[in-house]
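Input: structures, listed below.
Shared between the two complexes below is chain A, which has chain B as its partner in the first and chain C in the second.
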Partner chain A sequence: MAYASEQAQEKRRGFLDPRTKLMLVLLLAVFVLGGLGGSTLKPVKTVLSALPFALLLIEGKTGRFLRGMIMLGIGYGMLAAVGVLPGVLRHIALMCGGILTRFVVTVMMGEYLISSTSVSEFIAGMERMHMPQAVIIPMSVMFRLFPAIGAEWTSVRRAMRMRGIHLGGAKAGQVIEYQLVPMMTSTVRIGEELSASALSRGLAAPVRRTNVCRIGFRIQDYILLAGGVVTVVLWVMELCGVKLW
Partner chain B sequence: MVELEHVTFRYGSETEASLKDVSLQVNEGECILLSGPSGCGKTTILRLINGLIPHYYAGELSGSVRVNGKEVEQTELYETAMHTGMVFQNPRSQFYSTDTTGEMAFACENRGMPEHEIYARIDDTVRRLGTEKLMDRSIFQLSDGEKQKIACASVDVAGTEIILLDEPSANLDDDAAQTLREIILEWRKQGRTIIAAEHRIAYLWDLFDRALIMDSGRMIREFSREEADVLSAADLAAMGLRTNIQESPKDIVLPACTETDRTMVIRNFRFAYPGCKEAVVSIPELRIAQNEITAVTGANGAGKTSFLNCLCGLEKHCEGILEYDGKSYDNKQRQKLCYMVMQDSANQLFTESVLEEVIISLTAGTADEKTAALRILEALDLSAFTDRHPQSLSGGQKQRLAIACALASGRKILLLDEPSSGLDYRHMREMAELLKQVCETGTTVLVVTHDCELIRACAGRKITLG
Partner chain C sequence: MNGKDLINIGIYGAIYFVIMMAVAMLGMIPIFLPLLAVIVPILGGIPFMLFLTRVKKPGMIFILTMIMGVMMLLTGMGPWPLLTCALAGLGAELCMKSGNYQDAKKAVLSYGIFSMWIFGNYLPLFTDYEGYFAQRADYGQAYIDAVSRLMPLWMAPVLLIACFVCGIIGGLIGRKLLKKHFEKAGLA
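Showing the complex of A and B:
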């Protein structure tokens, strides 16, 4: 059967709308990572923390899911060990555990956003929020650059290993500099070439852009958006001193 | 369709003009080959036609560039984009989208074309260019050949009447270049105007109507179809051009290794990417001649680069050993035995000066490091650049420096990944000579390449992967 792009786009539509994903990242950053809200918000935060893991499973990204679980496990393991550890080790465990349990969940949400959203979907989402082009274009370039930076990072690491420059080796002090110099030059070059390629294909034309990817709110988006509103309302109520439970 | 009149252009960051008084007229439906040594100004001409110069790359421009009768300098980039489409050289940095379908739709989306029309155009392109298998994929999972095919498909969907190609075949193997050739044929049939800047001219030699040869920013020769047909190999070499004869590495016959040769042996090499069942590299036994130059060939995606990574000990999960001079080397030990010059050699240069770069590579305990390093730089024609920042060198010079570091490290095996991609005739010859020179120091050289001219110029052996 001949290829039909319209049906294919419909089929590969993501589970969530990019706007919902952005809202979730924001919520997690503020409430879980930032630690906003007191004890009354605790159950809400637990639910929020479970979200990225559930979403990663839904999108079939088991590798990322497992990695997140392991990191989180290590974090809680450290917190649990605080009671039995002696002196300095206790402080280290407390610090590492605290950092891991706070950061991992939010980082997972960010990873979910980037790995499950194509640049087209991201642009489409931003446009539906009526963001100006001056915001959308640089943000979408950044969005596109993340995976490219990852690839460059690996490539430079390999080159260093091949040349025998290791952490802990004779030249350890310079390892970070060695890593960053080629990384920065190649990232700047890739960014420049990407922009040239995009501009020569008419990005930034003063017309209303269209989008072939399918986005839009569905039932799961409405549920999560409502959840987001509830979270904020609860927080405001707590601020006003209303006792909830 | 396209007119350049007495154009002179100097990039803002440079002191010398990249184009000097160039005039060019391209008629509708013409297919033009633009060739000449590296740095001759081919890319600059393409950038002038699609408006990236002066709108994106700033500099000093005089003369006039017109596309469809409109002065490019006075036209907004997005308006010129309605008429011109470009396939860039580097497949890693020309995709704005992360998925193939989104990429193909990109230009039309920017024009605000209705979705249903874009869908229809994509479906039509997919049918004509045969890209069904590549649709709805992440661009990070495509081989270079597949990426260039998608780049061509994107230009096709945009439907621009002028198509600009900037060394599109630089990273392609022979089969992928043939596919590119078929796509260009299809565009010719539709009457599109094509301007192709290329070093590797063989695959499109019989397609163009006119060939323009440049050197140091000037148009030096122009050949009509008839004139081009009678050019000999010597004529081409005299102008610094590559061969016009299509040849596949498969056709080159080189002697195989026998038991009596001095060889190193690869045993039970196996490597698969994590999560993949199928191995990319699977070699039960392979003999490679020591102290000789061996060409490693195979199609895009045959695992040539993975093979080099394994040999270098960079893939932790690679099984198997290498026997060299009666000793056997595992993954970790091979890291100290082999040195690789990567495809993007900029990523393996870390320091702030050329001299320092070589010094940190020297084997520990070398007496008088500076003299030793200078001697190597001298041998590789890099003495003039000792104080330069490695990242400010040209692509060819970076490669040369990477090889200098390999020599300094004193490792026995040198691996190179496509060292001649994007090199003109003279630089390719120089690379071949350099490899021979390295080989004479007692180093075993393995070159992954699809470049028949390079193989003929230096390799004594050949192995085919895949």
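Showing the complex of A and C:
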């Protein structure tokens, strides 16, 4: 028998399994942002860098997609301008471009993970990976709080700006005190409400929780997981000195 | 340790991580790279000292530190922070435990020890010098020159000590703000 809530969950089911998303984040962090691997992995890295943008489009997050594309465009623009810029500016452009093109991709992947995964899905995925409670609970709380902290910080900054407390307008000590303290106070309050709500729904109860989210690997997950394995194999082969192309 | 403790680890871990990441973006400018060992411990002291007022049971500090290590892995800092996190987390935990989780002075010292995990982010620069720059070749020669000038080998112990000392300073600042703001707000 299928419950209405289960059917609703099936409709809301994301394109990818949360475990696949985690693997992609790790791959991008290690190979694209960390810069591991040499020339053999260049084409793989290009594919990896395109992934978060494709995924954002598939999930219909056009706003985030466009923002990422603009940032990436600025990065590549800087790299393209290296040839014509004089002296010091040229080094700065090269550095900023190099850093920007790497970071934007990884940040987009992180944004995709957070914006397309509900906390329940995240917990379900972690449980399927047999993580202990001591990892699942703090990680899922952090997962839930990141966007909240961002929003709080933006509004605190805006409020303090109105009183002239911002970088360049006031002493650094003041900026830190009057921006960080309110941000932390409201985050802690949000966190406490969150914890009350989570506890009342049996998080950290000594029994096994059921989860209404439907997760599991489908064809797209298997393709990406296989791609991940191929990436690691290619990297190991490169380490062993095998030249492919 | 119960569910509430684990949730608290998540809350303070998230705040610490966001503050750290916001500051760490500065590290892309070469001159700020060594300075991160000063700025991160000082700013991180505020959430961490607030966290320590919630810590009453063994294990919480260690779990928070290990989660920072995992987050570093996920944000592309490589596996070294996991090692330094394990050591620093254990040290901070034992220090706090020796004060029965109530001693205010030990809390500051504990944050100093905790802060030394940051050194793990610098380790690849010193252990695998060529590999580190090979991975960053596309930042341009000027970047590589600037960073290698700023980071000779003798910087390694200096950075480690800077993390610890600035951790103590950050802890003291955190305590001061705790008294000034958070106690009034009923949070500490």
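In this section, the second predicted complex is superposed on the first by the 223 of 245 C-alpha atoms of A that agree within 3 Å, B and C clash if a C-alpha of one lies under 4 Å from a C-alpha of the other, contacts with A are read in each partner's own complex, and residues count from 1 in each chain.
Rule of thumb we're sticking to: contacts are C-beta pairs under 8 Å (C-beta built on N, C-alpha and C of every residue); 3 or more make two chains touch, one makes a residue touch a chain.
Since the model is a prediction, treat every value here as computed from it, not as a measurement.
After overlaying the two complexes on the shared chain, residue contacts for A:R12 are found with chain B alone; chain C is out of touch.
Judged by the touch definition given at the top, the superposed model places A:E177 against both chain B and chain C. Contact with chain C, but none with chain B, is seen for A:V30 once the two complexes are overlaid on the shared chain. When the two structures are aligned on the shared chain, A:L199 is found in touch with chain B and with chain C.
Within the superposed three-chain model, A:P147 lies in touch with chain B and out of touch with chain C [touch as defined at top].
In the superposed model, A:R218 lies in contact with neither chain B nor chain C.
On chain A, the surface patch touched by chain B in one complex and by chain C in the other comprises residues 140, 177, 181, 185, 194-195, 198-199, 203-205. For chain B in complex with chain A, the residues that touch the partner chain are 50-52, 55-57, 76-78, 81-82, 84-86, 88, 90, 92-99, 101-102, 105-116, 118-119, 122-123, 126-127, 132, 135-136, 140, 154, 158, 275, 309, 312, 314, 335-336, 338-340, 342, 344, 346-352, 360-361, 364, 391, 405, 409. Listing the residues of chain A that touch chain B in their complex gives 2-6, 8-9, 12, 63, 118-120, 140, 144, 147-148, 151-152, 155-156, 158-165, 170-171, 174, 177-179, 181-182, 185-186, 189-190, 193-213. Taken in their complex, chain A has these residues touching chain C: 25-26, 28-30, 32-36, 38, 91, 94-95, 98-99, 106, 133-135, 137-142, 145-146, 149-150, 153, 176-177, 180-181, 183-185, 187-188, 191-192, 194-195, 198-199, 203-205. Against chain A, in their complex, chain C makes its touches with residues 1-4, 6-11, 13-15, 17-19, 28, 43, 46-47, 50, 59, 63-64, 67, 70-71, 73-78, 134-136, 138-143, 177, 181-182, 185, 187.
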